[in-house]
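Before we start, here is the structure in question, set down as C-alpha cells.
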Amino acid sequence: MLTGVIAIKRLFSILLIISLCLLLSGCWNYQGLNKISIVSGVAIDRNVDNHNYQLTIEVFDLSGSGKEGGTKSQIVEAEGATIYDAVRNAKKRLTKKLYFSDMQLVVISNQIAREEGIQPILDWFMRNEKPRETFATVISQEKTAKEILTASGVDHKIVAEEIEKILDADNRTTASTKNIDTYKAMNILQGKEGNALVLPAVHCTSNQDKKVVEVNGCAIFKGDRLLGYLSPEETRYYLFAVDEIEGGILTFPFNEKNQDTQDNLTFEIFKNKTKRSYSYDGNRLKVFFDIKTTVALGEVGIDIDVSKKDNIEKIKTVAVTVFSDRLQTVIKKVQTEFGCDVFEIGTMISKKDPALWSQLKENWNIYFQGIDVEVRPEFEIINTALTK
Amino acid sequence: MLNKSSEENKTTNVLSSSLEENIDEVKNIFVDDATIGMRWITNCHNTTLKYCIVQNDGLVSAAIINENIIKPLMLSKVSLNKGQQIDILIHQVISTNQIKKTNQWQEIIEAVTYGDTILFVDGEAEALLLNSKGFNTRAIAEPSGERILSGPREGFCEALMINLSMVKRRIRNNELKIKFQSFGVRTHTQICICYIDSVVNKKVLAELYRRLETIDIDGVLDSNYITEFIRDSKLSPFPTTGYTERPDVVVGKLLEGRIALFVDGSPVVLTLPYLFIENFQSNEDYYLSYYYTSFERFLRFWGFILSITVPAFYIVIVAFNQEVLPTTLLTNIVRERTGVPLPAVIEAIVMLILFDILKETGIRLPTGIGQALSIVGALVVGQSAVSAKLVAAPMLIVVAITAITGLLVPKLNAPVIYIRMMLIAMSATLGLLGFIAGISIIMTHILNLHSFGIPQMVSLDNLKYQEVKDTFVRGPWWKMIDRPSALTKNKTRLSGDDRGDND
Amino acid sequence: MIKQGEVVTNERGIVMQKEMISMRQAICMITLFLFGNSALMGMGSGMGQDAWIAIVIGAVLGSLISLVYARVIRLFPERNLYDIAQAIFGKIIGKLIIVLMTWYAIHLAALVLRNYSEFIQIVALEETPQLAMMIVMLLITGYMAFSGIEVLSKWVVIAIVLVFMVVLFTVVLSIKQVTLTNILPVMTHDFAAVGSASLKLFAFPFAETVIFLALADSIKKSDNPYKIYLYGIFIGAMILIVTFLRNLMILGVPTLEKAYFPSYTAARIINIGELFSRIEITIFYNLILGGIAKISICLFAAIKGTEILFNIKSNKKIVFFISFIILLVSRYQYNSVMEMIKFIDIYQVYAVPFQIVIPVLVWIGAEIKTRKKRKTT
C-alpha cells in the first residue's frame, strides 16, 4: 500500500521515468498532416541520356482553402537509378514527405513496357507497405508517360484520380478497356497458368482545344513485355470472352435487303454470362465460349417496327452472326499477332484438369496459337425502351 | 470536594445522584457553549422533587418541551420516592414519544447535540434523554443531479430519519432491517445500514461490518467520506459503491439484495455492492417505455466509449495512420490543418482542458450568467480560434463530441478524464499500438474491479437469456441478481422463491 | 500458490477460493491462443492453395496430442503441470521438468512478441524502435498476468467476441473481391509436401496448447478437459481455415505466397462502395488482441512455474523479472525478419521435447501412479 514517504518517492520516480521516456525520446512516427504530400499518381519514363528512371508524380495541392473550386494538383519530377531511389530523390525539392497510401494510378511509358518489361518497376509499389495494392497500372500510348499526367482531365483537376474513376466504371458503362488491380496483374505475371497480362491503355486527345486523357483500349503483354494494343472495339469483344463485361453498347448493321451498311442498331447490354468450356480429344483442344447476353434495343437507326416478334428474331439472327464474326476476328488477331493467351484458357484448364495442364503447359503459347475456338453467342432482347 | 467527586465521576463517565453535581458537570462539559440552556423545575404538588432539563437552543422544539416535559413534570400528581423515580417518570409522567435512560456522559453529550432534552432528576444516578428534536431541514425536493422525465421526484434531504422514512414507506415489510452506527471521532455522525434480510448477500454484509470497523477519522460530513474508507480498489478512479439521492432508486437496489448506507447530514445514500453496469443504469429506465430506454442505454454505453476514445483515435488517424481516411476526407482535413502551428496532440490536450474549464465555470457560476458564459465561451472561443488558425476545425468537432458524450454518464466523469488523457498520451507516442494497448489496459483494469468481493464485471460466457435481457451487455453472475426483478423493460418476475437460501 | 481447497484472505479482505475458470472460458482461451500468432504469420508454408488441407491435418494431429494433455488433466484434476510433475517424479526430476516447461513458456512468449513487433514495425510504426513496442506489449501482458487468471479469461472472452466479429465482417465484405476459383486446383502438391507442412502447423500453433497444462489447476474438476481441448482446437482451426481461405480467395496464390502478413495484405484490398475500404486497421486490432492473449497466457504459465520452482508468492516482482527475461530473449534471438521466418523450420524440431516428449512422459507417469493408487486403496 502506498503509505509512507518512501513509497511516495518510489511512485513519483516511476512516473518521472515513464514521462521522461515518453517525452524525451519523442514520438518517433508522429507524422503531422502538414508534413505529408499526398500522391495521387505516378508516371514512369526512362531517361534516354543517363538511363535513369524519370518519375512524374502528381500530388494534391492543398494549399488553398477548399472554396476555390475543387482540389488542384501539382506535378513533382524526380529522377533516380531505381524507382525507390527516384522517390527519395524527390525529397530534394520537396519540404513534405511523399505519401503513397492514396496513390491510385501508375502510368508506364510504352517504351519501358516494350523494351524492358514492367515487373521491375512494379516491385517497389508492391513491396512497400504504403501504396495500396489495388491501384491501377496503365500504359501510355503517347510518347512518354509524363504527357498523360500533365494533361488535364475533363471532370477532375487531378488526372490520376480521373483515370482511375473512368477505369473503375468502365466495364459497366463503355466496356472499352480492362480494369485490373495491380496485385491481380502481379498474380498473372507470377502465376504459372500461362495467362497473359492485359493492362488498360491511355492516350491524349483534344477536347475543346485542351489536351485531355482518354482511355483507349488495352495493351497486350507477353510475360511482362508489351506486344501491342487492342482497339476499344476489339477490347469489348475481348471482355466478352473473359466474362468481365457488365454493361456497354454493341452496334450492328442491320439491313433487310442484305446490303452492306454501317452499324445502325445499338444494343444496350444489361447482363452477360460467358460460360467457357473445352474438349480435348488427345490431340486437339477445342474451346467453347457460350455467351448469353441480356440486352435492350437502345437505338434503331432504320425504319422497322421492333414491336413485332419476327423483326426481333431477324435482328437477333443478324446480331449473332455479326458478333461471332467479330469475336472470332479478335481471337484470331490475338492468336496470330500476339501469340499469348489473354483469354485465360490456360487458367481454365489448369483448374479443371491439372493433369492435362501439366502436359500442355510446356509450350502453351505456341499451342495456344493453334487452338480452335468456337463462339456461341445468344442474345435476349428484353425491351426496346420507350418506343416501338 | 465537589470537584473531586465530579472528577471521579468524569473518569468513570457516569452520573452522580446529586442534581447539583450533575448540572455542574454539564456546565463543565459545555463550557463556552452559550446555547446549552438549563431550566430548573419543581413539582408543584411535591416540592421536594427537583428536576433540571438541559436543552440545546435551536435544535429543540419549544412546544414539545413546554407541553410534554415541563408541564407534566410541574403538574404531575404521581407520588414519587427518591431513588425510584426514573421508571415512574418514564411510564407515567413524561409524555414524549421517545425516552431513554442513561448514566453515561458520552450518550448525554451526543443526545444534547442532536436536539434531545436531558432530564436530570435529583437523587437519581440516571438521566433521561427525551426526544424533542425540532430543527429545520431542507424541504423534500427533486434532486438536481438526478433529474428524470417521469416518475417519483422525491429526493433525500439531510436528516437521517426523514430519509429513512422515505425508504421505509416504500417497503412495507418487516424484512427491512435497519441498523445504526456512528463514526467520526469528533462528529459522531450517525450512519444507518439498511438491507432486506431475505435477499441480501450475507458475506457482503459481514465484509461491510468488518470494513466499517476500520474507519478512523475525526469527522464524517458526507457519504463519500465513508466510501473512500471502505471501497475496494482504493486507487482506481472507477466507483465501486453506488450513490444516489432518490429513495426509489435505493429501494430498487435494496430489492435486488444490495445494502444501503445512509449518512446523517448528507442526502447522498450509498448502495453496495456496485456493478459496473450500474454506471449506465438510471432509474428512469424502468419508468419509461423500454424501447426508448434501451436505446438510451445503448447511447450511454457508446457515449462513454466515444468520450474516451475519440480524441485518441483522431490523433492516431491524423498523425500516424492516415491511410484509414478516404481520400476526400483526408484532403479536407489536410486543408483545414495547413497553417495550424501546433501538432494535433497539443491541440487536443489544450482544447480538452479548455472545455473542462468552461464546463466547471458553468457549474459554479450563479445561474443566468453561467449558461450565457458557457455558450459564449464555447462558441466564440472556438470560432475565433479556428479563424485565427490556432486550432483546426476538425479538432473542435472532436472535442465537442468528446465533451458532450462525456456528460452522458455522470457517474464515470472521474475516470473518463484520466483515461482520456492516458489514451491520448499513448496514442501520441505509439500510434495505433499505443491506442490498442491503452484500451487493453483499461479493459483489464475494469475487469479487475471488485466491489466488496464481487467482481464488477461478469464474464461474457455466463450470460443467460434473462440476464442479457435485464442489463445491457453484461448480467451480474451474483446469485441475488439472478432473482427476477424489474431491472429492465420487463415487468417484475418476482416469484415465490423468495425464501431461498441466501447465505 | 494457492493450493487446492485452500482458502485465503486476499488484500481485498474477502475470503476466497482459488480462482476458477469455466469451461467456456477455457475453450475461448485455447481458441484465441491458436488464432493469435498464426493468423498473423499466415499458414501458407509454400503449399499455395492446398495449405488449408495442411491446416486440417495439422489440427487433427494437434487433437491427437491434446488427448494426451487432457488425460493428464483428468488424472490429476485441479492441479497444474508443475504440481503433477513434482508429484509423479519427485523433487529433482520434477523440478527439472518445471524448469524446462517454464523456459518453453518464456521462449514461446518471446517468439510471439518478436513476431508482433516485427509486424508492427513493418506495417505501422517504421521508425519506432522495436524495444519500445515490446515494452508496451509486455506492460499490458504483465498487468494482465498479475491480475490473475479470472481477469485474463474474462478479457479473452471479450477479445474473442471482437475477433469473431471482425473475421465475419471481413469475410462478408470481401465478397466483391473474392475469386472463388483461387482454391482450385486442389492438391497439386504431393502428399509428402502437404505432410511436412502439416507437421509444421502441428508444431505451430496446435501443439503449443501444451502451455495450458500449466494453467490446468483453474479448470474445475467437473469440467471435461477433453471437451475443452477438442472444442478449442476445433473452433481455432475453423477460424484459421476461414481466415486462410479468405486470404487465398482475395489475394490469389502468388501474392499469398509472397506476402509476409497475408491477412493484413488481404484486408487492404477489401473495398465496398468506398465506405468499407481501408479496414485493415480492424485486422491490425484483431491480431494485436490475439497476440496479447497468447503472450499473457505464456507469461502466466512462466510465472506459475517460477513461483513453484522457488516457492515464492505471486507478486509484482516476479512479473517484472520474467517480463524482462522475455524482453531480452525476444530482442536478441534474431537479427532480421528473414531469420524469424526461417526459424519455423528449426522450431518444428526444437519444440518436440516440450510439446510431445515431456507431456507423454508425464502422462505415462501419471497413469502408473494412479494405477498404483487404485491398487493400494
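To keep things simple, chains are lettered A, B and C as they appear, and every chain counts its residues starting from 1.
Everything below uses one rule, namely that contacts are C-beta pairs under 8 Å (C-beta built on N, C-alpha and C of every residue); 3 or more make two chains touch, one makes a residue touch a chain.
Everything numeric in this text was worked out from a predicted model, so none of it was measured.
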_Can you tell me which chain is nearest the middle of the complex, judged by mean CA position?_
C
*Write down the pair of chains with the top C-beta contact pair count.*
B-C
*Averaging each chain's C-alpha atoms to get its centre, pick out the one most distant from subunit B.*
A
*Just curious, how far off is subunit C from subunit B if you go by their C-alpha centres, in Å?*
46
*Counting in whole Å, what is the centre-to-centre distance of subunit A and subunit C, each centre being its mean C-alpha position?*
42
*asked:* Counting only Cα atoms for the centres, state how far subunit A is from subunit B in Å.
replied: 67
_In subunit C, residues with contacts to at least two other chains_ = 124-125, 128, 132
*Residues of subunit B touching 2+ other chains?*
320, 323, 429-431
_For subunit A, give me the residues that contact two or more of the other chains._
29, 132
*Could you pull out which subunit B residues touch subunit A in their complex?*
235, 318-320, 322-323, 327, 330-335, 337-340, 343-345, 425, 428-431
*Residues of subunit A defined as touching subunit C within the complex*: 25, 28-29, 129, 132-134, 181, 183-184, 186-187, 190-191, 350-352, 354
*Could you pull out which subunit A residues touch subunit B in their complex?*
2, 22, 27, 29-34, 36, 38, 40, 60, 62-66, 71, 99, 101-102, 104, 130, 132, 161
*Considering the complex alone, what residue numbers of subunit C touch subunit B?*
12-14, 16, 22, 24-25, 28, 120, 124-125, 128, 132-133, 136-137, 139-140, 143-144, 147, 150-151, 153-155, 157-158, 161, 274, 277-278, 281, 284-285, 288-289, 292
*asked:* Using the touch definition from the top, list the residues of subunit B that touch subunit C in their complex.
replied: 203, 207, 210-211, 232-233, 320-321, 323-326, 426, 429-434, 436-437, 440-441, 443-445, 447-448, 450, 452-453, 455, 457, 459-462
